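The structure that follows is given in the form of structure tokens.
Which chain is which? They are A, B, C, D, E, F, G and H, in the order written, and residues in each are numbered from 1.
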Amino acid sequence: LRTGFPEVIWGADKTPEQITKIINLMRQDDGVVMATRIEAEVYQQLKQTIPDLMYYPTARICALSAPKTPSQIGKISILTAGTADIPVAEEAAVTGELCGFAVTRLWDVGVAGIHRLLSNRDVVYNADVLIVVAGMEGALPSVVAGMADCPVIAVPTSVGYGASFSGVAPLLTMLNSCAAGIGVVNIDNGFGAAILAGQILRTAKKISR
Amino acid sequence: LRTGFPEVIWGADKTPEQITKIINLMRQDDGVVMATRIEAEVYQQLKQTIPDLMYYPTARICALSAPKTPSQIGKISILTAGTADIPVAEEAAVTGELCGFAVTRLWDVGVAGIHRLLSNRDVVYNADVLIVVAGMEGALPSVVAGMADCPVIAVPTSVGYGASFSGVAPLLTMLNSCAAGIGVVNIDNGFGAAILAGQILRTAKKISR
Amino acid sequence: LRTGFPEVIWGADKTPEQITKIINLMRQDDGVVMATRIEAEVYQQLKQTIPDLMYYPTARICALSAPKTPSQIGKISILTAGTADIPVAEEAAVTGELCGFAVTRLWDVGVAGIHRLLSNRDVVYNADVLIVVAGMEGALPSVVAGMADCPVIAVPTSVGYGASFSGVAPLLTMLNSCAAGIGVVNIDNGFGAAILAGQILRTAKKISR
Amino acid sequence: LRTGFPEVIWGADKTPEQITKIINLMRQDDGVVMATRIEAEVYQQLKQTIPDLMYYPTARICALSAPKTPSQIGKISILTAGTADIPVAEEAAVTGELCGFAVTRLWDVGVAGIHRLLSNRDVVYNADVLIVVAGMEGALPSVVAGMADCPVIAVPTSVGYGASFSGVAPLLTMLNSCAAGIGVVNIDNGFGAAILAGQILRTAKKISR
Amino acid sequence: LRTGFPEVIWGADKTPEQITKIINLMRQDDGVVMATRIEAEVYQQLKQTIPDLMYYPTARICALSAPKTPSQIGKISILTAGTADIPVAEEAAVTGELCGFAVTRLWDVGVAGIHRLLSNRDVVYNADVLIVVAGMEGALPSVVAGMADCPVIAVPTSVGYGASFSGVAPLLTMLNSCAAGIGVVNIDNGFGAAILAGQILRTAKKISR
Amino acid sequence: LRTGFPEVIWGADKTPEQITKIINLMRQDDGVVMATRIEAEVYQQLKQTIPDLMYYPTARICALSAPKTPSQIGKISILTAGTADIPVAEEAAVTGELCGFAVTRLWDVGVAGIHRLLSNRDVVYNADVLIVVAGMEGALPSVVAGMADCPVIAVPTSVGYGASFSGVAPLLTMLNSCAAGIGVVNIDNGFGAAILAGQILRTAKKISR
Amino acid sequence: LRTGFPEVIWGADKTPEQITKIINLMRQDDGVVMATRIEAEVYQQLKQTIPDLMYYPTARICALSAPKTPSQIGKISILTAGTADIPVAEEAAVTGELCGFAVTRLWDVGVAGIHRLLSNRDVVYNADVLIVVAGMEGALPSVVAGMADCPVIAVPTSVGYGASFSGVAPLLTMLNSCAAGIGVVNIDNGFGAAILAGQILRTAKKISR
Amino acid sequence: LRTGFPEVIWGADKTPEQITKIINLMRQDDGVVMATRIEAEVYQQLKQTIPDLMYYPTARICALSAPKTPSQIGKISILTAGTADIPVAEEAAVTGELCGFAVTRLWDVGVAGIHRLLSNRDVVYNADVLIVVAGMEGALPSVVAGMADCPVIAVPTSVGYGASFSGVAPLLTMLNSCAAGIGVVNIDNGFGAAILAGQILRTAKKISR
């Protein structure tokens, strides 16, 4: 995508053959190659011709040559409201790590049990960028942005039923947040949230020059 | 409406003449008579022929013979997320008081500044029924219902702009709340929330017999 | 959830292994443990490692140590408009019983055959709280709330086709009801309706002392 | 429009000059000429050049040479759920009368007070065609169609606020009615309902010969 | 349903066992018994215990003791815009015939080839009631109602893709028709259209007395 | 906009001062200058400083130096369903004429009176491009495209009420047309339709050389 | 469809038997016969009784006797924003070729990498008609129409997730384009786009006579 | 709001008296005080009691003691697609300047004339954060994010008509952007975009130390 970031393949609408071909093409390049929205069975097929391909099952991401330790400046903290939001959050987390950033995970701190969030407030305070993932009513980003003093990226998820309308309800909640300083991405778009977080942190390097 | 509750007129689609006529008709009855959605100018007209008519300007309610002190058992606490939600909350509060209940008001405790809610948590704990009024992202009822141990009535308001879609955003937020024990009413329906609260508290009396 | 109420697991997005683990974890606690949205096949798997787990097939709920007789004060009556609404109504009924309340069921009394409702009006009059479940046009709660003198919880269901839009039509009907004293929950949310009913009855007990 | 029915002008998007011109053009024809959606001020202007023009203020209809007594076979009964629905119902009633039919009016028999409808059930039973007008939750046509043994024409109105979405809520309610034998027209379309009723009664006459 | 009309079962949400039970229960009654939304496989199961059950595969209706010849007064003509609309039209046609009416079918006369409709105009002129079934843009009822001098029942279908939104597009088209005298039913509701047609025709009998 | 076409100003969101300034700026250029969405009062103001500015009141367009006779090859025919659609159609017609094309107008040939269209079919057959403007149910383009053998540009209008949703209903109708060969533009976008027609005719000239 | 264009069958809602029958019926006619929305397995079945039937797998089109070389005047260029849009674009491309036109393909030139489009601008400049296919944000037609001097047909696709709402997002983008001269077709309607392009080019021939 | 940022008042739902009172209350505090959504007439009233209050008419912002020169590290570039988007962009620009940042403005570089953007590409390359404001089709952020190597904040505006649905169309476009690294805010929310930009730049400073 951008200098210093991984090459990325959107795996959802492609056959294993197409993905394999693109990965091998990109491998020439120096650096990380990754594909998102890869189901376990697809990974099994890809692995047969690309034996060094790694897989992150919850995030549904596969990758070549991931960085061992954070190589970039800046800390991303990722929070979820519920446990069903974790796959989207992991898509963000693994993408962030493959970009070279340190990632802290905090799952299941939704607003219906506000004490769990409050007793983990250091995760909020220590972050340089926050990614907050929530489905159903999607209220968590508002509360977090009210506590934090750094940019908040809000990710609505399609978790829920009935009047959640596959993520429309949390999407609207996040766009209407009373707390300023929130940028919203598409429903279930953990990947996009991580790239935006990465862009924010790289701006720091640029500015400090 | 119901035994022991005020007679109520929905003022929005009626002329001053029609309202006057209905009030006088209902006056025969013993007890409180009230009308909602009455603008100040309409009240001025009504007052000329019904001199003992009272007016609650923020609530846009007018009434005959309101109870001086709470005459019914049970305490209603009413919260708003913002100051712009106050008219809807006052519609609920005045209706509740005209029904004979004790009402506690707590304005402007929205989730983007969670500390204000937390430092007023006794208002939440002391209530027998909670009415929570919020526009924009409408997240307050979820947080409150997670803290409270009594029924929560959630009232979405049309306060907001853009993707709040005149109250659709907070309505969806409230319907999708992860916190169980929440009943939702129509957008801006402060009156309906108070009547539901009244029904809940009157059930207590019935049960205790 | 709340003191004296069952521990609850949302079963829909979890594997049998995850559910088993959480049930066993919660079993330590004194009291009822229940899980909602459990399909029959999932229950068969759960039962192999948790032999004392009970199953309510229509409600799609499984539970440990259900109360034999109502242990709490207050009567919940549950009505449905059609027969296809029964699974949602049973989710409410079984939850209510697992919370310790007496539950009366009245199925198939939709407004298109108003005589059936009218000839069962004692079920409406004897309730302390009413849960009214309806899909398609969702008109039943309005009629019931006009007859009843206790709180009404309205549950829209996704039963219907075409312009019912998976429950949006009855949801809107219920939110717009001319009869005050109705609280609405999410589409198909029988569980949430029962918890709200339980909160109402517990509050009643509290204040009636 | 059709042989034996009035000539009709849709007044909403026309200037008084245009309407005057069309009325005079149609006057040549034998029979009734009518215009809908005519505000009182517009009528005042029209009257100056067409002195024999009559006006029905609630219906917002003006007409030339209305029939004195019903000249056609068949009785139309028109019901409204609330008083705010009366203007739409009057548009239907006056149109029906101008077409030559006998019209019975029954206002304010909404489902939230079902007894009022039940104590007027002869109006339902005596009709050859029923037009049922309702806003807000729009549940009345379902109940009426369940009681009646003749065709029911359902007219949703834009009466309501919040989640009634200017008539969408009652429109969906009516389309989803569990009671078969209901035909729905556009929101606030009292005129169209009356013409459909007229067509039904004329067809009846035709085949009953 | 109504005196002289068949007993009807909505087959969509019922098991073969439930349907069998209801059919046998209703058989006691004198007259036709029918069930809609019955897939071929379900019929095969039903037939094993109810050998005299008939099946109309395109209409997806099964029935006991259908009338051999029309026993009621009045002719229903049913039109479709395309061939994919035929199953919905057949649901209407078979229901109409089971109610005892004469039914004329005219398929595939959509407005994009207006000549086909025009060269079959006698089907339109000879009808006492018209049922017009159309998906995609749903324009056929407008054209037909402009030509016909009898009531038109419009049935939108879920046939189409993309911006037809499963029948919303033709539903809106039909509700907004410039041609007065059209009553609209729910998307794909052929059954309801036929019952409304039957009610219209039975009114004739009543009037002529 | 494009070589040989007028310079165009979107007048809707601009003050008279801004429009005057832009017109004078563009006047330098050789050729026609035009502004759309200009209300009569705004034109009166513009005229005071630009005395040679012409005004087309129904189209709400003003222009400098319009072509006297068609200067371009190709005939555009423009049809409307109703009279209320004429302003949008005139926006298209005047734009087309200012671009130099011959324009034929045919108003009020909506599908509810199909004979009027059929008795004017030469207007359809003689066109090189058709622009069809319709509100309410918006069915006219489908019928026309089925008759024509040239490209059809469909323009939905916001004419209508209730379920026309300010033009959404005819927009969907046009997008779902069974007749292929139709291109749709935005609601009320007469201008855009004319520019597309102009592009089509200019392309024709280009390739016919 | 139209003189000189192929006979077309909409394959989506038909059985292989029905399609076979229609193809054989149309074969009598002189010229190309084609069917759209044909899955590979369906083609395998069709081929057994129609051995000379050709198949275009990506376009999901099968055809009898396709033209070897372009037989018609005019060049169609087809662009896609992404690779997932190719099937819809191929439906357009193959249809265009079966109609006898020369088609140039340019895939994967979406606006997020504007350089790729800019370095292929000759494809835009050389076209007589442009078909631009895009899902997700659907922005490509705007940019292309700003560069091109010929008609642009915009095809939204259902490619995307979350807030793309199965093609609604790109549909709205295209209808709202600031660039005039764009005609929009239904979501995924590659076929319709090609027929419109064909109509545009055939008009040229007509005009040039 | 946050340490070092101005105190902010949302002026839209407040009377001049309320705003005056809050400004005077906040003046005690050290630093900038600002109010958004202030119409010119309201400012005239405020100024009478707060003579040192400044006004930015296009941005509709008033402020006390604005910084003379940028006091914070980091450059914000703000782009608009059209001229009608400028008020929203100015709300962002003035807020950014009142926060102490250097702001570069680039108006009217929408995608329908891509050359204007390309010939100003240094504005894109020189920014540390980009705010991109667009109505109608809202495509500009996608193109800009594809060119830029810094975070992009996308602001949809309510500019447009018809199918732009008061900003819904550009909102969806921005959420679906193929270009990663974009955070979206509410429709017309220039203020929120500037605060998010400010948070990003302050975080950058923090971590670059």
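Please note the rule applied: contacts are C-beta pairs under 8 Å (C-beta built on N, C-alpha and C of every residue); 3 or more make two chains touch, one makes a residue touch a chain.
Worth saying up front: this structure is predicted, and the values here are computed from it rather than measured.
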**Request:** Answer with same or different: of all residue numbers used at the interface between subunit C and subunit D, are over half used by both copies?
**Result:** same
**Request:** Quote the value, from 0 to 180 degrees and to the nearest 5, of the angle by which the CA atoms of subunit B must be rotated to coincide with those of subunit H.
**Result:** 90
**Fill in**
Note: among B-C, B-H or C-D, over half of the B-D contact pairs reappear in B-H
**Where subunit C and subunit F are represented by their mean Cα positions, the distance between them in whole Å** = 57
**Message:** Need the CA-centroid distance for the pair subunit C / subunit H, whole Å please.
**Reply:** 48
**Prompt:** Any idea how many Å lie between the Cα centroids of subunit F and subunit H?
**Reply:** 36
**Asked** Of all the residues in subunit G, which ones touch at least 2 other chains?
**Response** 162-164, 168, 171, 175-176, 186-187
**Full enumeration of touching chain pairs** = A-B, A-C, A-G, A-H, B-C, B-D, B-H, C-D, C-E, D-E, D-F, E-F, E-G, F-G, F-H, G-H
**Residue ranges of subunit D touching subunit C (in the complex, touch as defined)** = 81-82, 110-114, 118, 136-139, 142-143, 145-147, 160, 162-165, 168-170, 172-179
**Complex interface listing, subunit E residues touching subunit C** = 12-14, 156, 158, 166-168, 171, 186-189
**Prompt:** For subunit G, which residues count as touching subunit F in their complex?
**Reply:** 1-3, 8, 73-74, 128-129, 149-153, 171, 175-176, 180-187, 191-192, 195-196, 198-208
**Request:** Note which residues of subunit A are touching subunit C in the complex, please.
**Result:** 83-84, 159, 161-164
